[in-house]
Amino acid sequence: MLLVLLAFLPFFGAACLLAQRNGERNWQTGIALTSTLTALALLLMLAPTVLDGAVSVFRVAWVPSLGLDFSLRLDGLALLFAGLILGIGALIIVYARFYMPADEPIGYFLALLLLFQGAMLGIALSGNVLLLLIFWELTSLSSFLLIGYSNHKAEGRQGARMALAITGGGGVALIGGLLLLGQIAGSYELADILASGDAIRASELYPVALVLILLGCFTKSAQFPFHFWLPHAMAAPTPVSAYLHSATMVKAGVFLLARLWPALSGTELWFYLVTTTGLITAVIGAVIALFRYDLKAILAYSTISHLGLLTMLFGFGTPAAVMVGVFHLLNHAIFKAALFMNAGIVDHEAGTRDVRLLGGLAGLMPITATVGIIAAASMGGLPPFGGFLSKEMMLEEAAHTAWGGWFWAVPLVALLAATFSMAYSFRYIFHVYLGSRRDSCPAKPHDPSFGMWAPSALLVALTVLVGLFPTTLTARFIAPAVAAATGMSAPVFHPKLWHGLTPALVMSIVAILGGAFALWRHGWLQRIWDAIGLPEAKRLFDQGIELFVESTRKLSGFVHNGSLQRQLAWLFLVSVVLGIEAIRIGGYAPGARETIPAPPVAVVAWVLLLAGVAAVVKAQRQRYLTLIYISVIGLVVSLAFIYLSAPDLALTQISVEVMTILLLLLALNLLPKTPRRISSNARRLRDGLLGIAGGGAAGWVAWAVMTRPPNDPISSYHWERSYAAGGGTNVVNVTLVDFRAFDTFGEITVLGIAALTIFALLQPATRGPSGQRLRQWIAVMPHSPERHPMMFAVAARLLLPLAMMVGLYIFLRGHNMPGGGFIAGLVISIALLMQYMASGFEWADNRRRIDEHPVIGLGVIIAALTGLGSLAFGAPLFSSAYGYFTLPLIGKFELTTAMLFDIGVAMTVFGAVMLALAELSHIAQRAHKEGPCDDSPMDIDPARMLEGGR
Amino acid sequence: MITAALYVTLGCITLAVLLNLYRLFCGPTAPDRILALDTMLINTIAFIIVFGVLEESSVYFEAALLLAMVGFVGTVAYTKFLLRGDIVE
Amino acid sequence: MTALIAAPLLLPAFAATAALLFRRRRRLIGAGISIFATALLLLADIALIMQAMRGEIIAYDLGGWPAPYGIVLVLDRLAALMLVLTAVLALAVIVHAVLTGLDRKGWHFHPLFHFQLLGVNGAFLTGDLFNLFVFFEVLLIASYGLLLHGQGARRLTAGVQYVVVNLVGSIIFLIALGLLYGVTGTLNMADVLVRGADLPAGDQGLFRAAGLLLLVVFGLKAALLPLHLWLPRAYAGAAPAVAALFAIMTKVGAYAIVRTGPLVIGVQAGDYVLPAALATMLLGFAGMLAARGLRSMAAFALIGSTATLLAAVALFEPGALAAGLYYLPHTTLSAALLFLLTDLVIRWRCVEGDAMVPTPTYSGRVGLGALFLAAGVALAGLPPLSGFIGKLLILDAALTSSWAVAIWALVLGTSFIAVIALSRAGSTLFWKQDSTPATAGRGEPAPLWESAPSLFLVAALVALTVGAGPITAYMEATSRQVFDTNAYVHAVLGSEVED
Amino acid sequence: MSIEFLVASAIGALTAAGIYLCLRARTFPVVLGLAMLSYAINLFLFAMGRLLVDRPPLYAKDVVEHTDPLPQALVLTAIVISFGMTALAVVLSLRTFLETGTDQVDGIPDEDTKRKAADRK
Amino acid sequence: MRRLLPHPGLSLLLLIIWMLMLNAFSFGWLVLGVGLAIFVPLFTAPFWPDRPLMRWGFPLLAYIGLVIGDIVVANFHVARLILFRRNRDMRTCWLVLPLELHSAEAITVLAATISLTPGTVSTDISNDGRYLLVHALDTDDAQAEVEKMKARYERRLLEIFR
Amino acid sequence: MSAVSTALDVLIAALLVLGGAFALIGSWGLNRLPSLMSRLHGPTKATTLGVGSCLIASMTYFPVHGLPWTAHELLIALFLFITAPISANMIAKTYIHGLHTGQSELAQVEDIKPPSPPNGSEWATFGISEKSSDLDQD
């Protein structure tokens, strides 16, 4: 339980800080420090049992199906790492309190710091590799924010992005690796994985998993060739660097190497990958560090180098090496944190971190100097400090390791690394603190306030003590850690300052001398180095990213060129191809249904249709003509419906036809009448072929189905029930308003929405550019001045009532004969539209006092309520009822709820059609006229003229 | 006899429609095409009626009725477009 | 109360018509009705998912006509899940729309919005293929209206393309249905399965053709390569809040594939879907990196993440489907979140619209940045949000498939691309500062309450993560139910097919 | 020649023309193409109920042979829907033309296409 | 009464049409028909303002009979022309018919009659409503043609529309 | 079968053939006549009578052959007789408009133009007089 508390404390602290974002500085520091120290206290409470070899665990299921449990696990290794994270964390917080500029609030900063701390702690404590992954990625994220904390600076943003790209990318690889690992081990629980090391190493997935995992570790721990993000991460405020790059972030990779050591290590592959990477990184880091001017850059590269050494040690695959690794991990954390703080102080006080401007600060800031010099000495590996011990042991291990056949390779390279790290440590000591005083630095340096140097001093004291009393101080922690890391009892741990004349001692002496030489001839070496001028990693990285982005832009721009023709062409093509594919794999046999011989009439109708189609395609750009031709097609289709015994369809087709024509004519008036041709011949050929393919396919499929007997369609049920249960003899209509009333409900809704959308579209048409175009619009062909011809107006007046009568009749008979609400609605709207055409919009509209919106709304509501109403009678939704009633005189008549439903249909249709066409029919006028004016119903009204004459 | 007469009539109407088709496509003027379409419609109505007699069924008459009504609206719309551009004003 | 199954259809229908009839009154009434109805819808859907969790499939014969002769509504775990997801999303969007005054930018926003919900819910509930078509049309035509809401040249041009493509899609849908009826003589999904099984060999080809044509239609809706080309322009053209709502529409396509896969199309169709989905993934995330504006970035994010879901679906295997189903709400909500954020960015900063350019700092920028971080984390599939778990589930499930390597490579690779794209966008939008004086910024403080719906979505994502255990359990049950076609047939057709 | 063949070939022709027109670069022909396709699809759906001459689906006790009513109902729904859709498409294309001044489906002004054509030469 | 029956004649016509359409007499349908015949004109009345006074009854029926007869004749006449007259012998010409009728309805009926009867199509009306432009397919004496039309139709219509 | 019914059958057959013939003649006229104005005469009459006689034929056919008598034919006739002249009128208007404005796609411009009304007024298609044009805000 304490474990959970421990894991969550930092996040809780972060939350509190965010809540106190604008709070008082010390108060915020207090919060951060409290949470960290409490966590540390908890850790210490748990420590004793763990140090005695027990493993304290906490586990609750989270995503069982995935095997992702929220399971925490505190063993020696975790304890050590967690201790580092929290301990150094606490010091960093204090340091940050004094380091961060007094004027800017640090609540947000500390919150991020705690967030990061929590993530790191999570890595240390995870008992489930998937959980570990989560915390792992969290560190990437939070470090992204920390490095980008000074995001007003370009390098801050770039550094952050680079770090996220590299570590995030590594994280992605790690996901794969750990998933594979879990698959091999059969569980994502760390314990199980560590237990099944042999199985893992035996699996054929092992190499893949290993490589992926190592990618994760190496990116995180800035191993070559992924090392370059780390120096750029230095754009972060120094406390961040001190924290991330000494004890935590970068150590995560190494920690994972240690964590999974029992499962993964011990193979050739492991040795060569890890050791080699480590060696190369160690040397390169150390070399570059020697030639940097920025103190933080020096430290950054030194970190890289030391991480290389650690990696190398874990690569050796021997428990002894692991022990050294763990020990050095500890030492490095201590002196590196101290050094970063120290560099920060120098920066803070001297106003610069450029080594070339610094020098002889020892006199000006003695305390800082002492701290810095000791820490640097420990980094370089001078006795009697902690760094010396672990470096000695490291060299000892290296001396006994052979790379392939070459027993000398590893020791030599390790020595090289050691030499160079000695060199840059000397440089840190001599070029900053010792040597002649310089006045070249911007500010007048002096020792900072206690709070600022105390943390680093504490660490330095620690490194000294470790150097003097290694066993007593560290054995208690190291041994259990190593035991936990290796999964076997740790070898005896006896670091001593003096081992006698071991190869390691020789090597360190060489290293020290070499370092001294390098310092002595530094200017000379620097010139050589500058002359070589190695490629700059950042530039390569940036160019790579830019190239990637550009290529994606090219790709995306090429694919998504926003051409409708391309979209449709693909759609048709895919349909045809898949259709054919289906026939190919599914198999096909011609049908057995005998066909109906076609009478000449039918053939003529067919000719008419084909001619119409051809004409429309041919006259495509004389748009008015196409409208005339297309109604031939409509006519033939309606005829076909009549001939093939579908009267309802015929009626509907006929009335919809004319509506469509009116619509198109209204639109065409404002559209170009005969536009230029724009598509190339090739394009037209392509489209033609596509059309033929699609048409052929559709026609063939139709033929294939029509020529086979029906497969006992469900409609036979409808036929039988139509009259008996549906109360109507027109099965089509009964199907529409009863069996499948729900479809019809949806259908009228569609129509209603269409009308509303059209209205919404056209309302603003009179404003903006569209309004201007309408006002500037001039007719292409000369128009007759007569707007409302007399004869037509009179005929329309007579036809309106007749047509309405017909409409009502068609509605009433619909249930038993062809007809019904939809057609009725259309007929009535046509009749009304005739008035609009004859006497003009204004005149007719003022005489029709219905607003279509409510008509549509009510239509839908009525239909819906009829559906809902049946509930009241305990019947399922959309059930219909009908009955025969008898009234005196009137006699027997039928009433059905379906008819009510049909009324809803008719209303919606009427409303929708009228709204759409009426709206469309007068945008031009709306654009011109302001107020409504009742126009004359006919231009020539002899009667009125007579009055006018008198 | 009647059946024979019916087929003769159907034949005539069919021929008539073909003639209309010719006029429809050859114009030369737009009014010609409109007229041809209108005539074609009326012939179709005749056809439907005769077909109804042939099949001794009266369910097709509404179609003819509607066609008569709708055809008129169409014709007027086409002409009005040529006369005024805007068919509703 | 079995009729409750129709609530997701009747509620929006009445809400829409009510909003339509009250449109003359002060707009607050319309907005009030709208939000209230949506909230109510959420409650109803929660009640339904409770029912569904009992495990048995509820079939409701409309008009009392037994399936397959009448239209049947079917409520199972899958449908209930989709309903709830839709309602959650809808609530966020409608509140956002009202807060930002989007509903006043043009006519009939609220009616169209609820008709859209009607269509979507209907598509999820119906067990009849033609009825599915009808509801597709309802949701499509409403979506046309919503897409065009507010109008302007860019939106109109985008609208034309969107409308035309979908009309053609509907036509293909009808061909498929006609063919299906012509061959099997039925329209009911369960009945199609039953009859399709004992079709003569000579008819199988036509039967499959119908299935694959359906696949084309659904693939078009789900924006599968090469049928995804319509999406970027349309969604980037729409008002961001509307696009956020549209995040559910690609899922309607995905849902339809899941639903009809075992029943109608046949699971072997996955062989066509999987490669397409993988390619779409790559293109989608590449498009994200390539995007120069937030809108199109969000659109491509939607394409990519939906494709990820489809890749899981395409395996047509219980484990993978369960993984996909867990990922489904995640991608919907996170894409919607990004769209809502885009809207806020456009509204809060000065004049740059959604272009990815640095701006003078403006009030509310930090908050937006934090929200963007959340959205980015979700879309890139990083912890601690649900996308990570979703991707883990998918990878885990994909291991057994023969496409494992490709799926792994793409799922992992695309999240890396997403990380880069989002970090670039984020640092440009919320870190980098334009040197020009801040006077360019809209002086008044940002209306922070406008971000409430986005926060709500973030909360939903968090809930999805924390509750991952029970949720994945639900998803597994769902996916088992989806593949248990016998249970479905029995529930829908009842005793018709005992023998 | 059989009725079935006539209908099938008519469907084919309509579909082909519809596809061709839908692939044109301007909105108006595209709308015409959609109209063509909906004719085709109406006939297709209808044909899926198989063809019969003069057997309208009007119920009467003695009637045994009749056409399949269901496809007719479906076609009716389809007609209505496609009418609504076509109407919307027409208005939308008009509206877009008024707003943008071009009737090209991709919203490219005619001047640009002219220039491109000139560049090609 | 006038408010209830704005167009009594129309209502009657509608009722007849209604019964014709049903072509199955039942009292119930009749009642419904009457109702509609009253309701529909009420709805459409505003679309037919200031309609002329008409004399229903014999003159109207007589006129209708006359016209139908003439139509039959006219058809045979035109048929002959179409079949046997060569184009170049066709004496087509424009006629201008001065009007005495005043109401738009009356003039429309006249024009319709002219269009339906022998080789004449009424084409347009003058913008002061005083003249009707008629096209004749084949006529030897234009003036006589005009006189005939006025005598045969317009006179009768003047009686019907007062 | 009775003499009456035979006679009726003959009548029906004759009517049908007549109808067909007229339909054909009308359309033939439409094709062979030289200019639109003369072509107009064909359809407006021949075709209407063609339909008319078919209608009468069917009206008589149904009762004679013991089928329910329907009167829809009358309605169709009514509609046709109301609409045909109007259609003709509108088409003619279009044509003379073409003549007047010399649009070759509307009219064969070499045709004889209609004479103006004697009293100096103008045909409505060509011009609206002040008295009426002040009624419409164009």
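Which chain is which? They are A, B, C, D, E and F, in the order written, and residues in each are numbered from 1.
The definition used in the following text is that contacts are C-beta pairs under 8 Å (C-beta built on N, C-alpha and C of every residue); 3 or more make two chains touch, one makes a residue touch a chain.
Computed from a predicted structure; not experimentally measured.
The chains touching subunit C as well as subunit D are A.
The set of chains in contact with subunit A as well as subunit C comprises D.
Relative to the C-alpha centre of subunit A, the farthest chain centre belongs to E. Put simply, the chain farthest from subunit C by mean CA position is E.
Between the Cα centres of subunit E and subunit F there is a gap of 13 Å. Separating the CA-averaged centres of subunit B and subunit D is a span of 22 Å.
Taking each chain's centre as the mean of its C-alpha atoms, subunit C lies 62 Å from subunit E. Between subunit C and subunit F, the centres computed from C-alpha atoms are 58 Å apart. For subunit B, residues touching at least two other chains, in rising order: 10-11, 17, 30, 34, 59, 62, 65, 69, 72, 76, 80, 82-83.
For subunit C, residues touching at least two other chains, in rising order: 130, 134, 137, 141, 144, 148, 151, 153, 160-161, 164, 168, 175, 179, 181-182, 187. With touch defined as above, residues shared between interfaces to two or more other chains in subunit A number as follows: 562, 564, 568, 572, 643, 647, 668, 698, 705-706, 710, 713-714, 718, 739-740, 743, 747, 750, 753-754, 757, 761, 769, 781, 784, 786-787, 790-792, 795, 799, 802, 806, 817-818, 939-941, 945.
Chains touching one another form the pairs A-B, A-C, A-D, A-E, A-F, B-D, B-F, C-D, E-F.
The part of subunit C that touches subunit D in the complex is made up of residues 130, 134, 137, 141, 144, 148, 151-153, 156-157, 159-161, 163-164, 167-168, 170-171, 174-175, 177-179, 181-182, 187.
Note for the complex: subunit C touches subunit A at residues 3, 6, 10, 13-14, 16-17, 20-21, 23, 60-65, 68-71, 106-108, 111-112, 115, 118-119, 122, 130-131, 134-135, 137-138, 141-142, 144-145, 148-149, 151, 153, 160-161, 164-165, 168-169, 172, 175, 179, 181-188, 191, 195, 199-209, 211-213, 215-216, 219-220, 226-227, 229-230, 232-233, 272, 283, 286-287, 289-291, 300, 322, 377, 382-384, 388-389, 391-393, 395-396, 399, 408, 412-413, 415-417, 419-420, 423-424, 427, 431-433, 468-469, 472-473, 476. Contact residues on subunit B toward subunit A in their complex (touch as defined above): 10-11, 14, 17-18, 21, 24-25, 30, 33-34, 37, 40-41, 44, 47-48, 51, 59-60, 62-63, 65-67, 69-70, 72-74, 76-78, 80-89. Across the complex, subunit A meets subunit E through its residues 786, 790-791, 793-795, 797, 800-802, 804-806, 808-809, 835, 839, 844, 847-848, 887, 889-893, 937-943, 945-946. In the complex of the two chains, the subunit E residues touching subunit A come out as 7, 10, 13-14, 17-18, 21-22, 26-28, 31, 36, 40-41, 43-44, 46-50, 52, 99, 101-105, 107-108, 111-112, 122, 125-130.
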